[in-house]
Amino acid sequence: MQLRGIFAALTTPFDDSGELRLDLFERNLASYESTELAGYLVLGSSAEAIYLTTDEKRAVLRAAANVQKIKLAGTGEESLRATVEMTRYAASLGYAAAVVRTPHYYKKSMTPAALIGFYRDLADTSPIPIILYNIPPLTGIDLTLDATIALASHPNIVGLKESSGNTDKLVRLMAAGLPNFAVLVGGASTLYPSLCAGASGAILALAAAAPEACLAIENAYRAGNHARALAAQQAVLRACAAFEALSIAGLKGAVDVAGDGARYGGPPRKPQLPLTAAQKQALAEAFAGLRIAVPAS
Amino acid sequence: MQLRGIFAALTTPFDDSGELRLDLFERNLASYESTELAGYLVLGSSAEAIYLTTDEKRAVLRAAANVQKIKLAGTGEESLRATVEMTRYAASLGYAAAVVRTPHYYKKSMTPAALIGFYRDLADTSPIPIILYNIPPLTGIDLTLDATIALASHPNIVGLKESSGNTDKLVRLMAAGLPNFAVLVGGASTLYPSLCAGASGAILALAAAAPEACLAIENAYRAGNHARALAAQQAVLRACAAFEALSIAGLKGAVDVAGDGARYGGPPRKPQLPLTAAQKQALAEAFAGLRIAVPAS
Amino acid sequence: MQLRGIFAALTTPFDDSGELRLDLFERNLASYESTELAGYLVLGSSAEAIYLTTDEKRAVLRAAANVQKIKLAGTGEESLRATVEMTRYAASLGYAAAVVRTPHYYKKSMTPAALIGFYRDLADTSPIPIILYNIPPLTGIDLTLDATIALASHPNIVGLKESSGNTDKLVRLMAAGLPNFAVLVGGASTLYPSLCAGASGAILALAAAAPEACLAIENAYRAGNHARALAAQQAVLRACAAFEALSIAGLKGAVDVAGDGARYGGPPRKPQLPLTAAQKQALAEAFAGLRIAVPAS
Amino acid sequence: MQLRGIFAALTTPFDDSGELRLDLFERNLASYESTELAGYLVLGSSAEAIYLTTDEKRAVLRAAANVQKIKLAGTGEESLRATVEMTRYAASLGYAAAVVRTPHYYKKSMTPAALIGFYRDLADTSPIPIILYNIPPLTGIDLTLDATIALASHPNIVGLKESSGNTDKLVRLMAAGLPNFAVLVGGASTLYPSLCAGASGAILALAAAAPEACLAIENAYRAGNHARALAAQQAVLRACAAFEALSIAGLKGAVDVAGDGARYGGPPRKPQLPLTAAQKQALAEAFAGLRIAVPAS
């Protein structure tokens, strides 16, 4: 497995009453399979995993088990034991790696030592490689640079999804020269400078709505065309601003409006509020503009 | 039901391998039944509810179903549907009310409107009254004064557990003169000034370790003896500082050292780290001091 | 000097072009002299001291030098040397003590050790006693409980103005039993519970607009009438909410509307924006209500 | 004037008793003049301007008035009137532009509208162009993207020093395509990705200690050699980490150890603490390593 390229952080379809719609999830997957995406993250933050029961999580993992691209499973739970169990289940289904968010509810006790212990215990027992997942805007805690470097030496910890937006940390991580440890960033609006700084790729919510726009940035960068990469980067900003302000409802609305009918976004589960008509219209306009703005490769 | 007095926020016993020990939970309950506590909160933040499976949560609720005192169930989950389900289960077991933490993972979308919608939907369908639960140090979001006042008018929302430590908000809430709406605070170190400001009582982790020390503060206050209430308040500060710095492991250690062998604290579940020997010793000293310091009523 | 009772945190009058109006400052002082206030803080945060030149600060200190009540001078500057100089000047004018805000611009280096060093150096050389001043909402740093306790042992450090609103810290400070060390709180909306917790008094912006409303709280508390103290506390909340939301412009507007023509508030200096007509009207209504609400002693 | 390239954020020399040493400041300037730096910022945050009296600030501005390179003056004060006055003084000495930090003490009232008013009033009256200066880690407030864009249309506002480290904001600012508006970043550790994102250059504390190391990053980037730019970027990280952790004392220590005797750093003014011998030694090692690590152009 090579952790490189653009991975889509998939959404989980629900109908208007909040029921899981695996059929629509599978339809979405079929659509993504024809893109140049490197793979998918199933059950990440974009997937409302935290709103699913254990049985639902397992059903979603099974529904994506037969894709051709690299599949990553979000298996982080607050307790070590539940995380171990979900990771083993993902491994049994053939997932390439598990992306594991920092546990965070008891913030004061989630010290670097506790987090290092958590990930080492998990990596020791996991049949598949572990990718650390740091997302302070949602968790309220930060996996420090030093803790990340300490964990990178574990043979079964192979990477980090860094969603802090902290470029300084990214630069320092890359400079640490960690062998066999990939850093994937989590923000589409800073993808190009992150690649410059040394990121291997990205796991992006935007890639679930507009995969080509994300790939345009990466492809230009890989081709050494910095001017086109910067132009492609700037092209996505309006769309990012439009959906990010609306959290999961915005992302799902973007999946709806940007997929030409091939993909289903739908509403989030409650307590998240669905989009208003005005919000949907604004999203549609921002994504219509995106299609025009992305530079041809 | 009268939401008044001191409620213990119970811990959930595990053995050294992290297995749930309901027998020890029941032993603890038997010990608390002989105190003057008003009741208990089962499955609150102190209970590591977030580390329990759904089945385990139900088992813990069942284990406390037959106590004599008022029993409150912590039933908050991130999704509305899971919260509704757990609340109904608690109601079926005879719990007096449900204490429901603010959902919080998707912080940007947990606006006042979303939180108001969540609690109203829940209260509309719940067979038992709802108590709001605001704990920003763990959730990273704050249920605002205005949202709280808006929710207090719902006939099935009967109170608030306020664990922000924000005395200004407490004073303003009390001044709003909300009929049939009780405010219970969540911090033992500010219990006396909170009662002065108008709180009806408290749901306290310290009350699971040292119920008498908490009751001494409230009893002196109810008797109009402000000098003794202040002395009783000051008596608990060292013990509070000792266990609070150590999060759940500290609280469980306090249950161990302060209960004269009648109560079992034990270790927290991973990823929380167990106490070191030095930490246990420091706790024991702080709680030995507490026993001496509490003024006789 | 006894640091007890209610001190008004005075405003500094400017005309519409931002010129200092010492004549109006002196008129305000004459009005305050006939109240039961314990004294004044000149050049505090309420006084826009940070917008005054060094010469203007000295002129303001001189203008208040002959009042009958206890006068405290805000002399904190970012550098130790400038703080020492301004403190000496205040001493030469007969000020009873200097209230010295934590230096804070270089946040990372304002460690407890640096702050302890700053206050000890200052107290060693100051002809008048020093009162520590902690206001994290404006400074972005917090003078910790431990640093405060360490500083309280200095013979020339006699108290603390605590404007954090942190009741937990207040309770712990009082419990430390520091001899000859007074704690004055900085928030009118929590005055009564703060007095219960052991504060000696308060330095309040509200006391510059509505001294009687603040005194009603303290007088009831000193008389042991907790019910009336709580009612007096609740009476000021709407007025507090009205002016605090508008920062210094709101306070000055409150001085204008609440003083029956005997006191001048006026506009703040730029970059602060003056009040709109609608804001002035809302303030006037809140303070008209305050007059009615304060319980008679 | 072209706002492009690397500007050094100069330090202000003091002797061990805290006295201003303009002779050493002039010696430092002579040393910088022989580098390829684009120019200097005098009286920025690195200069402890906030610890200087008004007379001292003017003396420092005069001392640098005759340099050959582009000279920028830090003229921000909390009040508009004092900022206007200091800006006029800098203009009278021939400074090319004024770098003006956001006023910030009264955080609640420093709304976008107030900040926009402040900068427009200043720019209207200033004889020289204004560069906005946003440094949230020190000020506790953020000049928003929208406010920046609004201000960029003023003909006398020509740029922004952005020291937030927020790459997302930088990307969005560049994408806004603001004509005649330059963005200079404030952090050496993210210089290369910032240039990729479109920054014109930087104003760097590190450039006062090790100008060549900063120039190596920019030169490689300008030459289109991204690999060498990234290597040069990574080369400075250890030195950055070493001095940044120690605030101004660390920067001044770095000026001492990295200048081969040609430049004087010296101690900061109190309340900042001077470096310990161990801290000086660690700095010397980090900067010795820097000299070896910078790739040859």
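Going in written order, the chains are labelled A, B, C and D, and every chain counts its residues from 1.
Heads up, the rule we're going with is that a residue touches a chain if its C-beta (ideal position, glycine included) is under 8 Å from a C-beta of that chain, and two chains touch if they have at least 3 such contacts.
Small disclaimer: the values here were computed from a predicted structure and weren't measured.
Taking each chain's centre as the mean of its C-alpha atoms, the one that lies farthest from the centre of subunit A is C.
Once the centre of each chain is set as its mean CA position, subunit A and subunit B turn out to be 35 Å apart.
Computed from the mean C-alpha positions, the centre of subunit B lies at a distance of 50 Å from the centre of subunit D.
Taken together, the touching pairs link the chains into one ring where each has two partners. Per the touch definition, subunit D reaches subunit C in the complex via residues 18, 45, 50-54, 78-82, 103, 105-111, 113-115, 117-118, 121, 137-138, 140, 245-249, 268-273. Here subunit A touches subunit D in the complex through residues 165-168, 170-172, 174-175, 187, 189-190, 192-194, 196-198, 224, 226, 230, 233-234, 237, 241, going by the rule given at the top.
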